[in-house]
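You will see chain A twice below: alongside chain B first, and alongside chain C after that.
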Partner chain A sequence: MSTTAIQPVPSGRRLKRFMADRPLIPLIILLVILVVVLQILRPGIVNERWLANTVKFAIPLAILAGCQTMTMLTGGIDLSVGTVATMSAFIMATQVVNHDPAVAILIALVPAVLIGLVNGIGVGVFRVHPLIMTLGTSLIGTGCLQVYQRTVIASGAKIPPFLAWLGTGLTYGVPNALLLFVPIAVLIVFTLNRTGFGRLLYAVGDNEGAARLSGVRYWQVITALYVISSVLAGITGLLYIGLIKAPSLSLAEPLVLPSVAAAVIGGTSIFGGRGGYTGTIIGALILTVLTTLLTILQMPEGARRILFGLIVLFVTAAYLRIIEDR
Partner chain B sequence: MTRLVRRQGWVAGLLVLFVVLFVITKLIQPGYGSGDFGSLVRAVLPYAFAVAAQTIVVIAGGIDLSVGAMMALTSVTAASMMDGASEEYALFVVPFVLAMGLVLGAVNGMLIVVTRVPDIVVTLATLFVLQGAALLVLGAPGGAVAEWLRATIVGTVAIPGLPEISAWIPKALVLLVVCLCIIWIPLRRSKLGLSIYAIGSSELAAFRSGVPVARTKIIAYALSGLFAAMGGLALTMSTGIGAPIPGPYLLASVAAVVLGGVALGGGKGGLLGPIVAVFVLRLVRTDLTLLAIDPNVTAIIEGAIMVAVVMFGAFITMRSRSS
Partner chain C sequence: MTTNPLLDATGVVKTYGAVVALRNASLSVLPGEVHALMGANGAGKSTLVKILTGAIRADAGHIRIRGEARDVRSPADARRAGLLPVYQEPSLIPDLDVASNLRLTDTPVEPFRAWVRELGIPDLDIRETARDIPLAVLRVLDLARALAVEPDVLLLDEMTAALPANLAEKVLEVVRRQGDSGRSVIFISHRFVEISALCDRATVLRDGETVGVVDIEPGVEERIVEMMLGARIEKTRMAARMASQAASPGDSRPRLGVANLRVGTKLNDVSFDLANGEVAGVVALEGQGQDELFAALAGSIRPSGGTIEVDGKPVKFAHPADAIRAGIAYVPGDRTEALTMQRSVRENIALPFSAALRNWGPINMAQERSRVVSAIERLQIDTRAQREVQRLSGGNQQKVTIARWIAAEAQTILCFDPTRGIDVGTKQEIYKLLRELADQGKSVLFYTSELEEVQRVCDRVIVIFGGRVVDVFPVELADEPALMRAAYGLPRGAKEDVGILADIHSTPVAKP
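Coming up: the complex of A and B.
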């Protein structure tokens, strides 16, 4: 490719370089294209209500994808987010029958902290591969939840009106969930870009040995990271139950793989050290719009999954090409 | 000799663990006999093939998240093709499904090589695709299987004159050993097998010493697909139907691979360890069931054991690396 350096830069190449400098642009373009396709297929669907709905469903996905983004920055992944979210949602919905909502929410977040702690210690201290560790804890979590379900089978479940308001409500056409999401997103972006902890995450993911030699306490960073990730997943569960309004033992499971996909599409490297949360948010929006698109096309569930997988693959490959700028 | 012990130490430990567990099983349930062992092997069969599929890819330095989905697709394909068809037709179905696994696995590998997307993402995407395809083939559990195929895994091998021993050799075990050996032993002894270990150990070093990295990787994934197809067939053979939703094969396969002493970074380990590991994991489950423990609690214990073992294994590796 060295010959092209002498010749005048072709326009395609310049475009690529421009996109490499601003990785968000191709994502936003893709999002706009998807929305336009949606509008062409079903004229008039894109209105305020649709927008609010899309944002509402994208938010839980975006928070979970935030967990993935942060863990991926260190070269990890957190596959227990689905189980943690389901657990906190289910426990909250059953505990709120006997307790004050605030107490129930606190109780519900205890398992989230515990699972995060186990993940963090497993990955940080014992150096288990994060994929295995989080898959394992999610298996344990699901088992615990099934046992727990037996003990509360008689008491029933309900959703506190506050969470339903937060999950589904609109104020002047704007989803209330943004009240929760905007601070979380700002906090994540701020933490990643402006604080020491955020830099440590990038440092550990980029070159663990170097980070360790420069005095980073690896296990402390990783443990803190996985606890944060789990707590965020727990909060997502509380929000998601307000949106879905039906507690079940597989509530948030379908969000796990899309959350990984959203972070990957958003440009976070699964090998660590590169990426950011803004891309992930757009990735979550893209996936949500895509889901709507496929639903409208009335694709059978199977074909939907196939297309979903292919698009994830295609977008990642295309994105990699643009970023690499060869 | 010491080298052999050190190299096979992990597998030997697992075998001892298996024997200990077996003795415990005998203590819990004195009536535990050859028939129960046969059903254990039948239950292990799909898991063992899933583990083999995962092992070969992990040795090559990758990971295959689509193992479970591949098994689901091959299983429903086999079951729906054999549904209402004649017994002889199955003679055609089996090679067809195996070839399908081989090709789909190769596609996995090619996608990884061509797109240069991390394997974990590519196989995540193919997981979606294969799962979707399985749902298109068969919307709900159904289909059928040829009788002679079922018969190949039910019952025991009859060795004339040795009824006591032959009662402990279920046909399923023979099938498993034969299928794995036919592929694994020639592979292990060939240049190709060496190449697979080489690219898993260090892709760059392998490339610089003239190993065709791309081709080797594609072949590793193709073989993984073949094993997964065997797993899918085994699933159909043991249940008699095909189910489009994959079981917990992904997690189980990764856990058994790690428990079996195959480093997740690649380049280390063999096939025997993970296969023994999957037997150990299944036997633990049997024991817990025999102890009349609530199946949900069983899931917790099983998960905790898996996590604890993996943590312990990682700890040992870390200690040996630093010393």
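Coming up: the complex of A and C.
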């Protein structure tokens, strides 16, 4: 009975099935195509320095997209990551003036944990829609940060040298930021695939009722998830300020929607239950390369954004067609 | 028989990834006939139906309707061509009221109402939200909605599977009349009684291929079963269990003790015990409180009164997790309630392992694998399509829902109609499994809508009517007529026949 399933299939279908089984391959192909296009448009641009730069800028995006991936797996979304990253960056930069950097970082991560906790309880216990919940806490966080800014306006801000080293530095041509990113990425991938918590994220997003019948307590999973997401966003803020080196009240905000896009391009379903982090990392790289590509085209900002949006839409639609084998 | 077929499908092929659902299916339906489509689980019946009705597209094959080649690309196309399905699962949108659901499909209201009354539901309020209507009634509404537009070919997929006997009877009667009026019906069912009562011919599928078309005549069951299974099989019939075989509970303390349990207005004052090593059947007509009983025992809803004791200790369940910790697992009747459809067989079976907070850490993959594999082997789950549970056949999905609790080593399993809409072979396997579990000292509470299952599986039968336990039978007294009487709330000694029984067992079937 089981041997009867093997049957010759047309090569087109076989290719499609191959892609469906390995959803990363079409993404990697797309990434390579983008890099090749870039090289053709501006011969010589793709060199070691460009590579390091691309990776450096892709990393904060990729971590925030990791937050989105995990929340999207449960059918949620975390729009507060931008605010959380900005807050932790800004608070760290201002606190480090008076405190030891380690203490400043700890202080900076407190609001991250708090916002994550509020998000988690709101979504998990009170069943507020994640979109509204995280948008709400994001606005509250931004407001608090503005109030906080008045209190520290006199003391100024600085960036600890080791964060600048981590954010922008290279060792033998390899960005130091990878020292932070690689463990985080490995941890996320491991969590999603090999831990009970990761399994529950998928299960809750796929069928909350079934998870409940299996004894899963939704609020526990969701609360833990949003706290983790927020803490990751806080860490991203610290890294990002080392890269940008200019604290502001909207530092990481521009990364929020691209982080959602990176997760979606990477094949994670916004309806939950489907996806993974490796795709998201490539999604973040694709978006970063695309941004450079559009920048060197020297188009007006408006046209660039239109093109960016169109390409994201097109890529996502095409990708879903490739990997969904119906 | 020189009439041209109303519907003629040939060489239909459909694959899902590596899994071939249909390799060469054909189906030819004549005007005015009720045509049975048969096959074991996973033979491709549902896939063929979905292709005919435009819900999914075939990879190859021809479909002719009244001799005309048609490319049915969507359910709307199929409707226009006069082909209307009633699927296994209710299709009304749960959040809309019945009237809005009708408007969605442009169904005329008056004929719909007439059909609903005809089908045995006199007092339907069409402003009621579909979500609040019981499953059995929803299925009847699906049928009425299809009948109201007078389709040329009506496709019924396991229509009677979840229906209580009184509604099922009405449905069968209506289906029979469709055939008489020159319309055709494609009828999918696992119940030979229905097939032989209704159908003129049957097409048999096996492994995605049409292996035969037979006229329904007395004694044809054997041939059909043979074709479905592909080899001649001994007709094995599990003899009715006798009291001597029934488990003799060794210790006096029951595994599960329920006393004066109440849930809202649906369940009043229910008391019974469930011993270790016992399979207790629950028999009830649709909506007599059995859903609430199971939900309360599973921790899904809180009872409004009464007590539940596990191994002699009183318990209060606030969440299914509490019930699971007490060793009580619930297998719901609707597979889609229990499975994460996009995940693998393995993850579905292993899901309860990770549920508790202390098990959130790294998974011991080797250990998990061995537990999952042994459960898969024990239930003989066909794992060709194991990457996504949604690609499994219904019977295999059902096995996964049970395998989960075998792997989790639950002490007590609450099975709510686990054999609904699955094939004979799988049913037998499930009966056997439930008995084996009982022999290992586990206890099973088993609600079934198919009375014949009771004698094959249970040691004892609890009959519920109107939210109360009206009778408890030892298995040797629990034949179908006795159960049916009790389920209708009649006392055990009563002599008069209940109408439905007379119909099922003694009326010779009128056939053209």
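Quick notes
By definition in this document, the second predicted complex is superposed on the first by the 316 of 326 C-alpha atoms of A that agree within 3 Å, B and C clash if a C-alpha of one lies under 4 Å from a C-alpha of the other, contacts with A are read in each partner's own complex, and residues count from 1 in each chain.
One rule holds in what follows: contacts are C-beta pairs under 8 Å (C-beta built on N, C-alpha and C of every residue); 3 or more make two chains touch, one makes a residue touch a chain.
The structure displayed is predicted, hence computed values, not measured ones.
In the superposition on chain A, contact of A:245 is made with neither chain B nor chain C. Of the two partner chains placed by superposition, only chain C is touched by A:214; chain B is not. Touch criterion met: A:273 reaches chain C, while chain B stays clear of it.
Legend: residue contacts after superposition of the two complexes on their common chain; A:158 is shown touching neither chain B nor chain C.
Of the two partner chains, chain B is the only one that A:308 touches; chain C does not reach it.
Of the two partner chains placed around the shared chain by superposition, neither chain B nor chain C is touched by A:99.
Shared-chain residue A:42: touches no atom of chain B or chain C.
Shared-chain residue A:257: touches chain B; no touch with chain C.
Taken together, the chain A residues at the contact with chain C in this complex read 1-2, 4-7, 9, 17, 20-21, 190, 194-197, 199-200, 202-203, 206-207, 209-217, 220, 224, 273-274, 325-326. Across the interface of their complex, chain A is touched by residues 63, 111, 115-118, 120-122, 124-129, 131-137, 139, 248, 250-251, 254-255, 258, 264, 294, 296-300, 302-304, 306-307, 310-312, 314-315, 317-318 of chain B. Taken in their complex, chain C has these residues touching chain A: 15-20, 23, 56, 207, 298, 300, 319-321, 324-325, 330, 332, 336-343, 347, 350-357, 359-363, 365, 382, 384, 404. Within the complex, the chain A residues that touch chain B are 77, 118, 122, 126-129, 131-133, 135-137, 139-140, 142-144, 146-147, 150, 257, 260-261, 264, 270-271, 300-310, 312-313, 316-317, 320.
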